[in-house]
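Below, each structure is written out as structure tokens.
Across the two complexes that follow, subunit A remains constant while its partner is subunit B and subsequently subunit C.
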Partner chain A sequence: MSGRTTASVPADLQPPRSSPVRRRRPGWAPYLLLAPSVVYLVVFFVVPLLQGLRLAFTGEDGAWGLATVHELLNDPGFWSSVWNTLIMLAIILPVQLVLALAMSLLVNSKLRGSGFWFYVYMLPLGISELTSGIIWYSIFTQQGWLNSVLQDLGIISHPYIWLSYQHQLLIIATIVVAEAWRSTSIIVIILVGGLQAIPREYSEAADVFYASPWQKLWHVTLPLLRPTLRTALILRTVLAFEVFATVIALAGSSLSVLATKANNAYTQFQEPHLAAAYGILIMLLSLLSTALFLVLLPVRTE
Partner chain B sequence: MFHRLISRRGVLRLGAAAAGGAAAAGLLSACGSGGGGSGSNSNLVFLSDQLSTTEETAAMRGKVLSGFKGGSVTFTAFSDTTQFIDQVVAHSKAGSGALDLIGGLQGDFVALDAQIPLRDMSDVINELKDRNFPQAYLDLAKIKGAYRFVPWITASYLMVANKKALTHLPSGADVNTLTYDQLLAWAQKMKQAQGQPLFGLPASPKGLIKRFFQGYAYPSFTGGLNTQFKSAAAVSMWQYFKQLWAVTNPQSPTYAFMQEPLLSGEVWVAWDHAVRLSDALKNQPDNFVVFPAPSGPKGLGYEPVLGGLAIPSSSKNVAKAKSLISYLTEQQVQSTMITEESWFPPVGDSALPKNLAPGVSAEAKAIVATTGATGAIASQLPIGLGAQSSAYDKVFVDTFTAIALNNAPIQSSLASEGATLQSVLQTAKAACWKPDPASTGVCQVG
Partner chain C sequence: MRVRSVGKYAGAVILALWVLFPMYLLTAGAFSTQSGVYQYPKSLWPHWSTGTMSFFWDSAGVPTALGRSVIVAGITVVLAMLLGIPAGYAIARYRFRGKNAYQLSIVSTRAFPVVVLSIPLAVYFLQWGIYDSVYAVALMHTALVLPFVVLITTSVLAGVPVDLEEAAQVFGTSRLGAFWRVVMPMALPGLAAAASFAVLMSYNEVFAASILTIERPTLPALVLNALTASPDPYKFAAAWVLMIPTFVFIFIMRRYILGFGVERRL
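The block that comes next holds the complex of A and B.
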């Protein structure tokens, strides 16, 4: 995961090949510097991962086996939660990508005040997922702000029930709106980084050939942004699999995704084994989607 | 470049200094905890999974516990029962003796008792004889033959209606003696007249709709619970419920506390736990009426809720924890609990304080009216389920989800969930509890 570019170090900063100073071996310093993050990863990622695997592949009696996997597949609402997760992902990814691209092009345009927009876009990053869910619930609920505005404008006569369990796609749409507001800025940060790393010469060369802004975007910027886009897509997909507070706030028990099933299994029904099995499934799907992006969007190494 | 700036020896020195510092800090903190941790402590640590909203916790600290003269109390409330139980178990297993008092519901203590040793509270109950705890509550406090907690707070589930809804009440119906058929007719009339469904139920994952089925719908329609789970009477109950659900606000799956949609006007008539309705009644006592749940063909099924206080065996402050329990069950403190927290004392009606605020007093009266109603069927809270309590609740949530939300056929849903229910009871080796007739072996799903 990174927004780093593949630009190489300029030649004048590289040490001369036949340097009279003998290169010293780095010694222990790099390992010591790496140690805190390695310890952090082991304690907070590797250990919980192993614990999760143990829970998912043991039954309530502690015996190893596939009992929990069987329970997972037969859990009421399992398949609908898989579908809901995939549908949500299929809508949210393109919506956020287009939005983030437009936003980062605006920030990068060097127009007057474009820096201001960067700070405005970053505001939702400071708000927790649950708080964002509650804010959007107060907008979409029957006596919420959206209906008040629509009624004041004379567009509707009665408050419309946006969050009705009878309209699953409408609930998904509200979740997409809430998520787009909350997390598009993460992609914007990555894309702005990528855009700023594209040397200006490419754009100037396109200008020489009288390329229109659209042609420049399509034939110059996007191909050069490809590695960054891939990173952003991978990150966003993995995070989208983990979204649950927004879904719980807006959908309650009307609709579930894999992450809400995992959360409910642990907190509401106190079934750590089942919750771990959901967690492992989410991890596998995240790995699978990452692999897909790596295969479908290959980046040429130069 | 880095290795040129800091030599290896330098880094090692830095590392040694850091390690030394950490060791020194560890020693210091060990001394600190050794000094304060041995023997009893003037500060009592009190954990609960009740009173967890910001206002409730603030009132508990500022108005209830502030009057305790036996030392300072650190009160922490968890909104999540699992977290609460995990914390109590972790504290107890760590053996630090840092946890002195636990406040939870009867079911929490059953779950805790299966994991950690809770102190036998018979001596405390004996010392507090003058509190006159009703025998029914004392029976509930007995887990595996010994009193594991002292009755502390009670509540029940009630109905609240906006006064605007009363104009749509079917002719001949009285809210205080409502039947389920009248409730359906009322909800249908409201929807017809107002153009939108105005009856609501707390059906979100944090809502208590499972208790609606366990303590209200099943006993009222079938006279039982587990032994009637898939009976013909249960099928007609679910058929009735589908009709009611059709005129229920379809946003109900997002409602956790019904006081909020009642106050916003999204819902005019609702059923919920007394505590989860109290904001509406306290803030706008003139706009709402509160009354008992309806009666069904078999009577008025209802579920009393009992919260208690327990001391973990690992506590090193037993004497002070006991004096805090004594303080919390004093009549004056209990009346603060009613006005500030909307929880009622576990005492008979005659011991209720007289000068209560209008909304709170109405709730207290509705609870008394429920227990005293003709044909009242009191459900015991699930007994003997232990670690299976959540799996038991899941059966009712899943049945509701299948039948009401996913429109699955009633009989086949009851058959498959009935099988799950039987395996839950079997795993817990639980005998039947009221309103089901007592059983000798494991309760059999019928």
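The block that comes next holds the complex of A and C.
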């Protein structure tokens, strides 16, 4: 077991052995090695991105202009999908951060079988948001597990409707639970990496002053973890804008977020321009929130 | 001190249950009789049966869609590794101009959601005549996983001591020979982790797959399209089939997963 724990420390966190970088002049070799991936990402990433911008800023007739943007702003349900996305995000960030922090601190503490706990906590990483949506649907649906348990315990006398279009906030809460269940693992990866990079001396110094575990967490670990937390927040936010199949599995058509609107615009209404406009909006929001986190949580670079 | 460590284990167990219990509930739903799925209130120990699973398996298009998912994941992993390993090797072993710019752009691909890419790509694939095929989905998935594969292979290959490779060259092996006979065997478990990640991401991806296919969907796309119209037994069995690979692939990846946090450079 202990061997497994050491092996899980990534190469770039271990002290450098010999310099892994060759000292002789590399010439063209590295460029030739990078070229295939660069070409591929230009063709299948950069070009579609530009094409997406073009689609969003041209109309059905192909003329440049704000016709599609206008259509987007007047699309039925546009504003509610914006609000739903933002509300979901606002709830999920703190919930998931606390959950991920708990898991990472446990994995990082000297727990027996830490390899096993880490494996279990990582399992949702390989689960699609569609699957996670269906799992939580089986729990929250009218004749689902939650109502079964509540009724067995005598807390309710007849099945409660959790997924009703009349209670939008309740549906958002169920989506948040499903997302917290599924995608916390990716935040844990980032946080554990950050925790392992913190030199042990800091914790030992705190012990010298008889700091309680909470004081240690609040005054030592969290401030040192700040750059990592920022990365986790950025990634979490970007991922939250993409949540899509979970929403469909839990809410059906009774609640929409930006990503489901984008998918519907393309698959149901055959409107690539409108769908691309939704995509570009999601991208802008992702970039904007990334910039916000970078500005609001500055990290000193030594 | 002892109280504290009991608390720690209790916390670890509670968090593990939070992860595992919903998976058990899905399994109980996917392996009960079809009428058992609708039973209310449910019992946590159902009448185990393969009825629900065989109902799903006999539904239109399910085995072929699963086959397509496997093919797409296969093409994706081969393409992504072929493109990603050389790039990872270049970053791990050479110092050159533009290295930082390359790494930064690789990391920043994460800020561009799949939603933005799939719609324009659908338009292209229509023009190229490969829309609604496994190739269309695999090409898209490769673009999604390639940045991750580059990041992971970089950290894996940087972990292989350069001295060994140079020693092999001193003894007359070509650089390619040294890579193949010395670096590859040592890097294999790490590269397997990168490949597992590519497989999982492709097998689970649903947005692009549903945009890029109509008649020939992958399994997640098929299930998504049928979702609102399908009965609960279908949903539960489908979700179970989609869930199972994680147990295998996360096991392969577990020692290397932390290396995926390289994104913290962002």
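We adopt the following convention: the second predicted complex is superposed on the first by the 273 of 302 C-alpha atoms of A that agree within 3 Å, B and C clash if a C-alpha of one lies under 4 Å from a C-alpha of the other, contacts with A are read in each partner's own complex, and residues count from 1 in each chain.
Convention: a residue touches a chain if its C-beta (ideal position, glycine included) is under 8 Å from a C-beta of that chain, and two chains touch if they have at least 3 such contacts.
In this text, all values refer to a predicted model and were calculated from it rather than measured experimentally.
**Q** Given the superposition on subunit A, are subunit B and subunit C in a clash or a fit?
**A** With subunit A aligned, subunit B runs into subunit C, so clash.
**Q** By the touch definition at the top of the document, which applies to A:264: first (subunit B), second (subunit C), both, or neither?
**A** Once the two structures are laid over each other on A, A:264 reaches subunit B alone.
**Q** Identify the partner contact of A:136: answer first if only subunit B is touched, second if only subunit C is, both if each is, neither if none is.
**A** second
**Q** Please indicate which partner A:29 is in contact with in the superposed arrangement: first for subunit B, second for subunit C, both, or neither.
**A** Touch status of A:29: both partners.
**Q** Touching A:104, do we find subunit B (first), subunit C (second), both, or neither?
**A** Touch status of A:104: no partner.
**Q** State whether A:238 touches subunit B only (first), subunit C only (second), both chains, or neither.
**A** second
**Q** Mind working out whether A:81 is in touch with subunit B, subunit C, both or neither, as first, second, both or neither?
**A** neither
**Q** According to the contact criterion defined above, which of subunit B and subunit C contacts more residues of subunit A?
**A** Greater contact footprint in residues on subunit A: C.
**Q** Would you check which partner chain A:253 touches, where first means subunit B only, second means subunit C only, and both and neither mean what they say?
**A** So A:253 meets both subunit B and subunit C here.
**Q** Per the contact definition in the header, classify A:158: touching subunit B only (first), subunit C only (second), both, or neither.
**A** Once the two structures are laid over each other on A, A:158 reaches subunit B alone.
**Q** After the superposition on A, what does A:51 contact: first (subunit B), second (subunit C), both or neither?
**A** second
**Q** Common interface residues of subunit A with subunit B and subunit C?
**A** On subunit A, the overlap between the subunit B and subunit C contacts is residues 26, 29-30, 33, 137, 141, 143, 159, 248-249, 252-253, 266-267.
**Q** Given the complex with subunit A, which residues does subunit C contribute to the contact?
**A** Listed in rising order, the residues are 4, 8-9, 11-12, 15-16, 18-20, 22-23, 25-26, 29, 38-43, 82-84, 86-87, 89-96, 98-99, 102, 105, 109-124, 139-140, 142-143, 146-147, 150, 155-156, 158-159, 161-163, 200, 203-207, 210-211, 220, 223-224, 227-228, 232, 235-236, 238-239, 242-243, 245-247, 249-251, 253-264, 266.
**Q** Taking the complex as given, what residues does subunit A use to touch subunit B?
**A** 24-30, 32-33, 76-77, 137, 141-143, 158-159, 161, 163-166, 248-254, 260, 264, 266-271
**Q** Where on subunit A does subunit C make contact in their complex?
**A** For subunit A paired with subunit C, touching residues are 4, 7-13, 17-22, 26, 29-31, 33-34, 36-38, 40-41, 44-45, 47-49, 51-52, 55, 99, 102-103, 106, 109, 111, 115, 117-131, 134-139, 141, 143-145, 147-149, 151-152, 159, 181, 189-190, 192-194, 196, 213, 227-228, 231, 234-235, 238, 241-242, 244-245, 248-249, 252-253, 258-259, 262-263, 266-267, 272, 275-276, 278-280, 282-283, 286-287, 290.
**Q** Any idea which subunit B residues touch subunit A in the complex?
**A** Result: residues 2-4, 6, 8, 11-12, 15, 80, 82-83, 195-196, 203-205, 207, 249-256, 264-266, 387, 389-391, 393-394, 397-398, 401-402, 405 of subunit B touch subunit A.
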